[in-house]
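The following pair of complexes shares a single chain, chain A, combined with chain B in the former and chain C in the latter.
This part shows the complex of A and B:
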């Protein structure tokens, strides 16, 4: 009897692996292998062979030592881009959650409005942005430059930012908080354009909340505020982690440190150093991600 | 008999048409609603501006395209740019339809494969316990950190090692194994109540059947979102270093070529930009309007 049960669980396990297998094979081939290769490159000096192909010469930690001790900008770029990512996470998450709740309401033309908020993601593709830039050039700095620059140049709108900063300082607001808010306001444009996918993920999350829960809340006489904190928020909590992960990845892909690594590989042709840059920054980002996710995970409510 | 005096919430004559909702809203004033709408409107304008420009540019005749100071809106709309594009299409080395077919193969192949494979893999990760589950999952997150910019060289080596260089597969296969889809699907599947699957199993359904007929319809918002996401990724692909033959290059590449043609091809460039932007937007609209219907049709009552 016991033996039969064991085979059943074994069968189940094999069944589970069968589901994962097609993905896992590709994953190992394309991603694990490329991570291993990156690690390998970072420990060696790569030279391109004459016929094509490449040669690796093992140099130990030399590349790492060079990156940290001698390379001029690496450390600074690393800290600023990691700092920027940390700064952006809460802003993007709150903005996209807020927007998705607005867009989840029923009103005429809702799908179109949603599409508008997804536009930055679509227009972000290299070909389209190239075309937009061209037409911008043709119009000699025309309107397409507007959305970005108008916000960036806060002074041109006639609002004296410093006046407000001093005003809030007089209210004894902690300077760190104030700095964060000022930095956040300067980033509004970036945050709005960077939260397209997050909004869509949150909308899907809001749609998967069973309607019966809201019915119960309504019958029990919960206010909108209570409904949000007791029903909506716990139910979208797992997807906050999803979005944090996505935000970090998305921001990281466009951060300065990745650009530096890319330039190092394709303009300076120093693949070893480039691999070091990407490896170090990836490890740091992963650590941050683990910390944040651990923090949220503890507070996350899972339906089952 | 006295008529019941119940407030008729369905009577919302005083709410403007754009704010009319099917349910009575809880404790939110109309002014607050209006304010929120205003905020959304302002944000929306900033986002929609580039698209408005793209649409207007396609309709502008050449002299208006170069007008200074520039105008957003077109004065004498023409379809000249599209005819320009068609003329240009006939001159290209490879027939233009070839680019379109390439893009469709790459996009649809990458998207459908990714959605199916990622969903398949995330089902046991979310709903079954087996050894190595957590390690596997942390590896997925780790792999997402290695962006394509950084791993381009290893990626290229792997592609040539597999001997699929210069084929569609060079773009399609790596996208299938990307971690994002698995991550997203897993988070959504975890929220499904176990009882739903148990009842199906008691009724004699096998694992695959449970997956296909119970789990997938219930996470429809998730995989539609994933489809949008992946469609965008694949659609924006220019082929890069993996596709060398002109006959295999996607539409985005053709656009880049036209745009690089400079001022002489500005009209045709505007028309292609419009086409390239319009397709993902249409796809997004179709997917998003389908997301709405899931919860009403699924039986999540316990």
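This part shows the complex of A and C:
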């Protein structure tokens, strides 16, 4: 055959498509089609037929109206889930940045400590985590058994939290800030277990900062505080976006809205409403992601 | 490599600054106490947080050895007085431990192999070939990571409930088949690169392959190796660190996954973490142990049994796990 032979670039193009083909097919079938179908379900009433097929009856925005106007818990669950995620983002990001700076230093037993910090990522199974929480409460003295209960019971543990809260109130500290801090202390256990991957990402980011930058900062007489805000923080800034995305996705997958959507589909068999729940929550989460990432992106400094 | 060089440079730098020849003596004193304070402080913080992470695990292990009297004795803390293996015996029996866990390990293991194979291929395709719409397609991978599983769960459920690709099945069997309560849907999804967290693995492989020098492939091409040969015999061998990272991640997450196994109604005999969720009810109803506190002790023993293989894998491959994320991983 003396046909025109394929050039190397063309061959490469074909090979490239060959490599990604299985994923591409899967993506079209399982993602694109599913998203379209979910949107369709949310606009219709779905009834499962006798032989296992299903029929769709177009009802317009009825499901949406029902979800927002009449459904008992949807709005409440949605707002708490989203609120919790927003509340957690800064806490997790700053905690993991702080911890990664501690763990980045050389000290004995560093690998062991890092392994322990990564442990929650390994043990995050919904079957296990429930029992872990229970066990946490039984180990009295753990922090999580603390704040919430302590505030409720007052001085049972010997420390009167209310006294301190009142003290700070007397210092004219805004109540909203105080509430946020108290809530943060109450969540410390959740925050620690949720920041395993983030810590590792930040450690990698810290190690990629050239040492010469710190030398320059030191020679120029920068204090540790200045070095952090002028060198370390801008350099890890790009990774904050990665971490925010990871945090939001991870938290969202375990939030109550998801459980509600699942229950609605498989215990109440109301598929249309379930689609509305998942669709609405996903759109909100995506909006939040875009907003936050856009906000950070504007202030991010890219070294390369 | 680079980090090693950095730390060496840093330590040399510290040596010169802390050398009394170079700085004022009193200033040195102040900074050394300051360093000591910082060190003690960070030590306390690290130990404290390690405790917060480990406490529930320790508590669970301890609880699983407690006898009935220990569970109600408020004086018993951490070390049980009359330790017993009864919890393990019953949990072992009710979980049907050895058969179930070997089935589960086989199931997660085979999915892990497919996952590594498919995701590395796709990652390599994105990293090394230039083709039209590449940016757009890679954006789709990111979309896949971002979109939560539950958005697509209903259509996927419907798809596999009445499985009929291109009308082929109904052509042969007369009607679409129901693939629920078998592990087949999970295999199909994984083969097409849409399994548990596949997007993340594609991303990891893409990052890793992009970091490998191009000269390797050029040499292979000059020596007459085809694209597929190059990929299987040369690139994949070079990618061992990221292969291990993804393998362990996918193994562990597959093993822990309850979302898909619940969605596809996969049998409890295959997925042990699903069996774990019903263990307490089994012990209550079958063994007539009605005391909730005691039931929880059995549950703790069951969890320890289920966690054991993961912990062993983790301890053995801990180095790859963290370094893999650090080096090849999500950091772009």
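Criterion: the second predicted complex is superposed on the first by the 230 of 304 C-alpha atoms of A that agree within 3 Å, B and C clash if a C-alpha of one lies under 4 Å from a C-alpha of the other, contacts with A are read in each partner's own complex, and residues count from 1 in each chain.
Note that in this section a contact is a pair of C-beta atoms (placed from the backbone, for glycine too) under 8 Å apart; a residue touches a chain by one contact, two chains touch by 3 or more.
Please read these numbers as outputs of a predicted model, since none were measured by experiment.
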Partner chain in contact with A:197 - chain B first, chain C second, else both or neither: both
Which superposed partner A:246 touches (first chain B, second chain C, both, neither): both
Chain B versus chain C as contact partner of A:74, first or second or both or neither: neither
Touched partner set for A:128, first chain B, second chain C, both or neither: both
Contacts of A:17 with chain B and chain C, given as first, second, both or neither: both
Which superposed partner A:223 touches (first chain B, second chain C, both, neither): first
Which superposed partner A:282 touches (first chain B, second chain C, both, neither): both
Intersection of the chain A residues that touch chain B with those that touch chain C: 12-13, 15-17, 19-20, 22-27, 29-31, 33-35, 37-38, 41, 99, 102-103, 105-107, 111, 113-120, 122-128, 131-132, 134-135, 138-139, 142-144, 189, 192-193, 197, 200-201, 203-205, 207-208, 210-212, 218, 239, 242, 245-246, 249, 252-253, 258, 261-262, 265, 271, 274, 278, 282, 285-286, 289
Of chain B, residues touching chain A in the complex: 17-23, 25-28, 36, 40, 43-44, 46-51, 53-54, 57, 65-70, 72, 117-118, 120-121, 123-125, 128, 130-131, 136, 139-155, 157-158, 162, 173-174, 176-180, 182-184, 187-188, 190-194, 207, 211, 219, 221-222, 224-225, 228-229, 232, 235-236, 238, 252-253, 255-256, 259, 262-263, 266, 269-270, 272-273, 276-277, 280-281, 284-285, 288-289, 291-292, 294-296, 300-301
For the chain C and chain A complex, residues of the former touching the latter: 2-3, 6-7, 9-10, 13, 17, 42-43, 45-46, 49-60, 63, 118-119, 121-122, 124-126, 128-132, 134, 137, 140-141, 143-159, 161-162, 175-176, 178, 189, 191-194, 198, 202, 227, 231, 252, 255-259, 262, 273-274, 276-277, 296, 299-300, 303, 306-307, 310-311, 314-315, 318-319, 321-322, 325-327, 329-332
Contact footprint of chain C on chain A as seen in their complex: 9, 12-13, 15-20, 22-27, 29-31, 33-35, 37-38, 41, 51-54, 99, 102-103, 105-107, 111, 113-120, 122-128, 131-136, 138-139, 142-144, 188-189, 192-193, 197, 200-201, 203-205, 207-208, 210-212, 214-215, 218, 239, 242, 245-246, 249, 252-253, 258, 261-262, 265, 271, 274-275, 278-279, 281-282, 285-286, 289
Chain B partner contacts - residues on chain A that touch it in the complex: 12-13, 15-17, 19-20, 22-27, 29-35, 37-38, 41, 99, 102-103, 105-109, 111-128, 130-132, 134-135, 138-140, 142-144, 146-147, 189, 192-193, 197, 200-201, 203-205, 207-212, 218, 222-225, 227, 235, 238-239, 241-242, 245-246, 249, 252-253, 258-259, 261-262, 265, 271, 274, 278, 282, 285-286, 289, 302-304
